[in-house]
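Handing you this structure, nothing more for now.
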Amino acid sequence: MLITNYLNVQIAGDSHGPAVYGIVEGFPFGFDVDVEKINGDLKLRQIGYGRGSRMKQECDEVKFESGLWKGFTTNMPIVMRIKNRGTYPEGDDERTLPRPGHADYSAYMKYKNKDMRIYAEGASARRTAAIVAVGSLCKQWLEKRGVFVLSFVESCGEIGTRMNFENLKIEELRARRNESPVFCPDLETSKKIVKKIDEVRNEGDTLGGTVKTFVRNFPAGMGSFSSAQSRMDSVLGANIFSIPSVKGFFIGNPASHLRRGLEVHDRFGKENDEIVRLSNNAGGIEGGISNGMPIVTTSYLKPIPSISAGIESVDLVTGEEKKVEYVRSDVTAISPAAIVIEAITAITAADFCLNDGGM
Amino acid sequence: MLITNYLNVQIAGDSHGPAVYGIVEGFPFGFDVDVEKINGDLKLRQIGYGRGSRMKQECDEVKFESGLWKGFTTNMPIVMRIKNRGTYPEGDDERTLPRPGHADYSAYMKYKNKDMRIYAEGASARRTAAIVAVGSLCKQWLEKRGVFVLSFVESCGEIGTRMNFENLKIEELRARRNESPVFCPDLETSKKIVKKIDEVRNEGDTLGGTVKTFVRNFPAGMGSFSSAQSRMDSVLGANIFSIPSVKGFFIGNPASHLRRGLEVHDRFGKENDEIVRLSNNAGGIEGGISNGMPIVTTSYLKPIPSISAGIESVDLVTGEEKKVEYVRSDVTAISPAAIVIEAITAITAADFCLNDGGM
Amino acid sequence: MLITNYLNVQIAGDSHGPAVYGIVEGFPFGFDVDVEKINGDLKLRQIGYGRGSRMKQECDEVKFESGLWKGFTTNMPIVMRIKNRGTYPEGDDERTLPRPGHADYSAYMKYKNKDMRIYAEGASARRTAAIVAVGSLCKQWLEKRGVFVLSFVESCGEIGTRMNFENLKIEELRARRNESPVFCPDLETSKKIVKKIDEVRNEGDTLGGTVKTFVRNFPAGMGSFSSAQSRMDSVLGANIFSIPSVKGFFIGNPASHLRRGLEVHDRFGKENDEIVRLSNNAGGIEGGISNGMPIVTTSYLKPIPSISAGIESVDLVTGEEKKVEYVRSDVTAISPAAIVIEAITAITAADFCLNDGGM
Amino acid sequence: MLITNYLNVQIAGDSHGPAVYGIVEGFPFGFDVDVEKINGDLKLRQIGYGRGSRMKQECDEVKFESGLWKGFTTNMPIVMRIKNRGTYPEGDDERTLPRPGHADYSAYMKYKNKDMRIYAEGASARRTAAIVAVGSLCKQWLEKRGVFVLSFVESCGEIGTRMNFENLKIEELRARRNESPVFCPDLETSKKIVKKIDEVRNEGDTLGGTVKTFVRNFPAGMGSFSSAQSRMDSVLGANIFSIPSVKGFFIGNPASHLRRGLEVHDRFGKENDEIVRLSNNAGGIEGGISNGMPIVTTSYLKPIPSISAGIESVDLVTGEEKKVEYVRSDVTAISPAAIVIEAITAITAADFCLNDGGM
């Protein structure tokens, strides 16, 4: 389950089982769903320079198996099913060598079963397809209310953009992002990232990076300062940390802790007799509540842990020290991660709008 | 409420009401509580260079009003009550000038009441005393199981320590932290921070900073990769973002996103025939589950928004542009924040131990 | 905690601790509270023929220690504190004889502590004062929306009324109930109950009974059939079973299971061109959702288990078979239970209105 | 979702969609599942005198689409999928005549859509197949711990058994139940019920009834008196009220409210030097906590609302008063309801064992 107040979102499905699932209870009645738009987002998640050939072969499609009636939602539990291509591995060829950076060892310490293949069923990126499907539905709902969510790659390894996209229109920003093979809307930086990925691939190593997310037009007054469960910053953070590889998260200016109060806090001013903010270092959230400025977050992802050059490990059965080796591997997951983070941000944003609408 | 699975923790109390409260449902039966140790943590929270005179006068003491019988816990809902010194402001002297960086404006957009004093009752740091009390109880419970939680100031503004405390014994680290007027265990850096605080105080400005937290001896196998609600990284993040001023959070090495996979992922090796990790960039959590290494996190706090030099705002009633001014103010909350973050980390750690004990 | 979707209601407090508490998170902003009305309900709970002298001496009063600002609610966690008169028992005079019908033995099997006095702190009727306070607040909120909740005693032991109060105005029904020393609005039956209570008191025995509850003017369309958490019948049932002594609960006509479909199901008809229901055997809920008819429930309470004639038990320490004896005791709790059930019904009703208001 | 503390159980699926689903998060790792036993329970649910021909044609089979690895559970979210036979109705032939006793009208008042067919997708008995699948899994888990759950029909309409089955061995009781075409283990009464059903079928009317449930060998000390969420009586009640047609629920002796304390409360005595209870009027739960005696409950179901003789309604579009007519219909759902109530009791019992195991 994701952490939510109004919607009840369950993500399920083994990576080699027949399908992955996004189940949503509490989605409002009577919303017309554009299923093809959801499939479009599923496809975006599958694209991205640096992704291995495996992803390219898949072509995810969502099927609503519950909660949709002649194209509109019925407030009954929605079941979104996305078929998997693979099948459970057969045979007794156990994998007993834990992979550093994966859940293998921590899961082994929890479950005490030495076949690491089991843990890879749940602790894999495959389930993020279901997050993208649910998030895409939520984005449609938000867009009908004029709210737009967009995530893009800001950096990959040490290569990052210094462009400020805050004043770019959402359509243009999305177009630029999708134009980039790595989903970085600064096309110069995009090229550098592509080059770096090629370089690192040759070395058999991997890269992480950062994803920036904007929520534009998000209404002020959503959330609360009364509890972690109802604070927008807490719930956003929790859900984003549930995405594999995320190790850090910031709201607003990631340098706020280095600066002084007079530099950081967003002054009020007047423009055409309306109260405006003269900056947005707070990233749209003050005291856990949205303040009417765009929500701006940064998510920090570690390099993917499947490293084709191999990395040292110890076999849990034989006690032998040896390298974990991969025959194929992506260099970075930062580009699909941007699509997944966009989705989970949209789920969280829709949940807050639904929950606070009744006040 | 905090986000938890087993314990049910409610933090309540207006900053000028008669008391603040920590209410805990689900705490195990039969645990002997050292109330004076809790009062010791409450006192630590009140100390700290850079804090204004107001805090010095208070002397928080907790009273268990429920759930304690002859000194041990009864598994009934615990009510911890900490008296406030102040009283609700009297008179109709409304404050209609929202303070940048506070919840004033976002709360106003939610509730539409123009008297900002109301919002300061809930969106204040006063309630963190209740968090410290609950966290202190949880620390005692963890310590009985050999688990130790410690937070300290790593940087204030741009001044930070580069020392690595990971190999220091917990007792020594705690002693050093408490010796420092700003809770920074690197005493050279501590001095520099004190100097910087004095400087910034003279300018009427404020500072933020970072807090490092260690959880030592935390058992492996706690948490799950199946949902945001049960992932240790998600829940830790959510609870820490509920602390006022926190804008960022990292688990493990905060530079992981910049580095390559071979640098970041923590190799397995052997020592005396036991499997060991050769580094701890993951910060003790892989795939949402603890891996047996110390849990290491960094929390990033913005400067406090009450700036004695004044900061531009607009009166919500008169529309007049003017500065919010403070007659007194702290320069930074980073030192008490370390005590609060230690507490909320302990609550989260105890919750996971209790929840996973039944597996 | 009660089971709720929108409000978050925690009931706490030991029966001999300093106070009992009702804590409410999520109550809407800006509601003017009539505290004296709440104290009136607290007083009603303390009255009732058959109650022992202990209750008469108490005079419960609620104090809002958080969440109220100049008389209106602030959406911050509300803390309602009601002082207790008693104090924790002193000395080491353990009670090791479990009382049949109390939680003594079941709690002992859970906690393994042989002093039964501990369990009486939590598993007592004292905490229902806090439920009445929270329920009274919710009743005020519902009444502003034209919704009225009323509970009354329908039977005590084998003596019950056969009057149908469904067409009586709420004010008259409430007046009649409060006129009756046992809260039974059929004054003939009320007299018989009083007589029966006197009889049973002389025999040192105790009585149970039934409480009928009406929720008038409750809006149609609240609740859902999608889950136990969102069904009105499930949540109402759960909360009412949390009241000590409740062993049964019915919604609508308690003979529905005996009758045929054509007798039970509430036909639709027309009156002044409006669709009406020709009966209300469903008790206002169909498929878990309110249907616009009054909600009608019956709660069934066992006799109170503190029996002055004594009842057989076995000492957990000595193994001796002996009777549990009471020097004083009430004959029945059915009258105060009516006030408590009214309160918890109001909490549940308000929760559903708040939760579904956003749809 | 069901109301649970440890397991997280989501029931989903439209009655004419491709499948219904039981999704379970938190089920323990490493449990060997007997899938055929689950299919056996699914079949039992489909049998039962009085059920129409529709049910006989179906032959439900469960498929684990997640959370099972080589036959054992992996603690990852379990997805149990049961294919439906039907398909969504095609065409625009709206049904605008609400059926008394169904969710039609209450759902219409919630959603304002005049096509009643929509609401029948969620508010139907079809989803109870998923409950039976999840409950069957939980029964297997409980049986490994020596705990047995059994439900049977005690009465149908006014015909009920007066036999006491409390001393019958569980295997014999189950054999007798399954032998009866209506799942009533008193074979004389069973015959009378069959005769009554035939009679009522000829009249085109329907019947309700009562289901008795035993949980044998359930450990003492499960549950808590501290909150509705953790009381066993509250949670059991809530989940059972989520079963369509349930209008009443009792724990223990359903006449407790009529009797005196000395008759009702279960004395302690000694047998072979062990403490025993001399009766079980409490039905195994005191103060919300299991006391070690069998848990005994009674569920009360209204007659099914699909009445072939027709029942008066009013068309929501035309305003015309006319009868709702059914071409085919069952007379009663009491027999399959017994299987469903057994399942949901097992889910609740397993949840409490899992949750309290860690204490």
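Descriptive notes on the structure:
Letters A, B, C and D mark the chains as written, and numbering starts fresh at 1 in each.
Following the convention adopted for this analysis, a contact is a pair of C-beta atoms (placed from the backbone, for glycine too) under 8 Å apart; a residue touches a chain by one contact, two chains touch by 3 or more.
What you see is a predicted model; the values in this text were computed from it and never measured.
Note on A-C: across the candidates B-D, C-D or A-D, the interface recurring with over half of the contact pairs conserved by residue number is B-D. Centroid distances from chain C, each centroid being the mean of CA atoms, peak for A.
Interface comparison, A-B versus B-C: the higher count of C-beta contacts falls to A-B.
Measuring from the averaged C-alpha position of chain B to that of chain D gives a distance of 46 Å.
Centre to centre, using the average C-alpha position, chain A and chain B are separated by 26 Å.
Averaged Cα coordinates give chain B a centre that lies 39 Å from the centre of chain C.
Annotation for chain B: residues touching 2 or more other chains are 1, 8, 10-11, 25, 29, 75-77, 110-111, 122, 224, 226-227, 356, 359. Interface residues of chain A, counted against chain B in their complex, comprise 1-3, 10-11, 98, 100-107, 109-111, 119, 122-123, 155, 157-158, 200, 205-210, 220-229, 231, 233-242, 244, 246-254, 256-262, 264-270, 273, 275, 277-278, 281-283, 285-292, 300-305, 307, 309, 311-314, 316, 319, 321, 356, 359. Residues of chain A touching chain C in their complex: 6, 8, 25-26, 28-29, 75-77, 224, 226-227, 230, 354-359.
Chain contact summary for the complex, chain B toward chain C: residues 1, 8, 10-14, 17-21, 23, 25, 29-30, 63, 65-67, 69, 74-79, 88, 110-111, 113, 118, 121-122.
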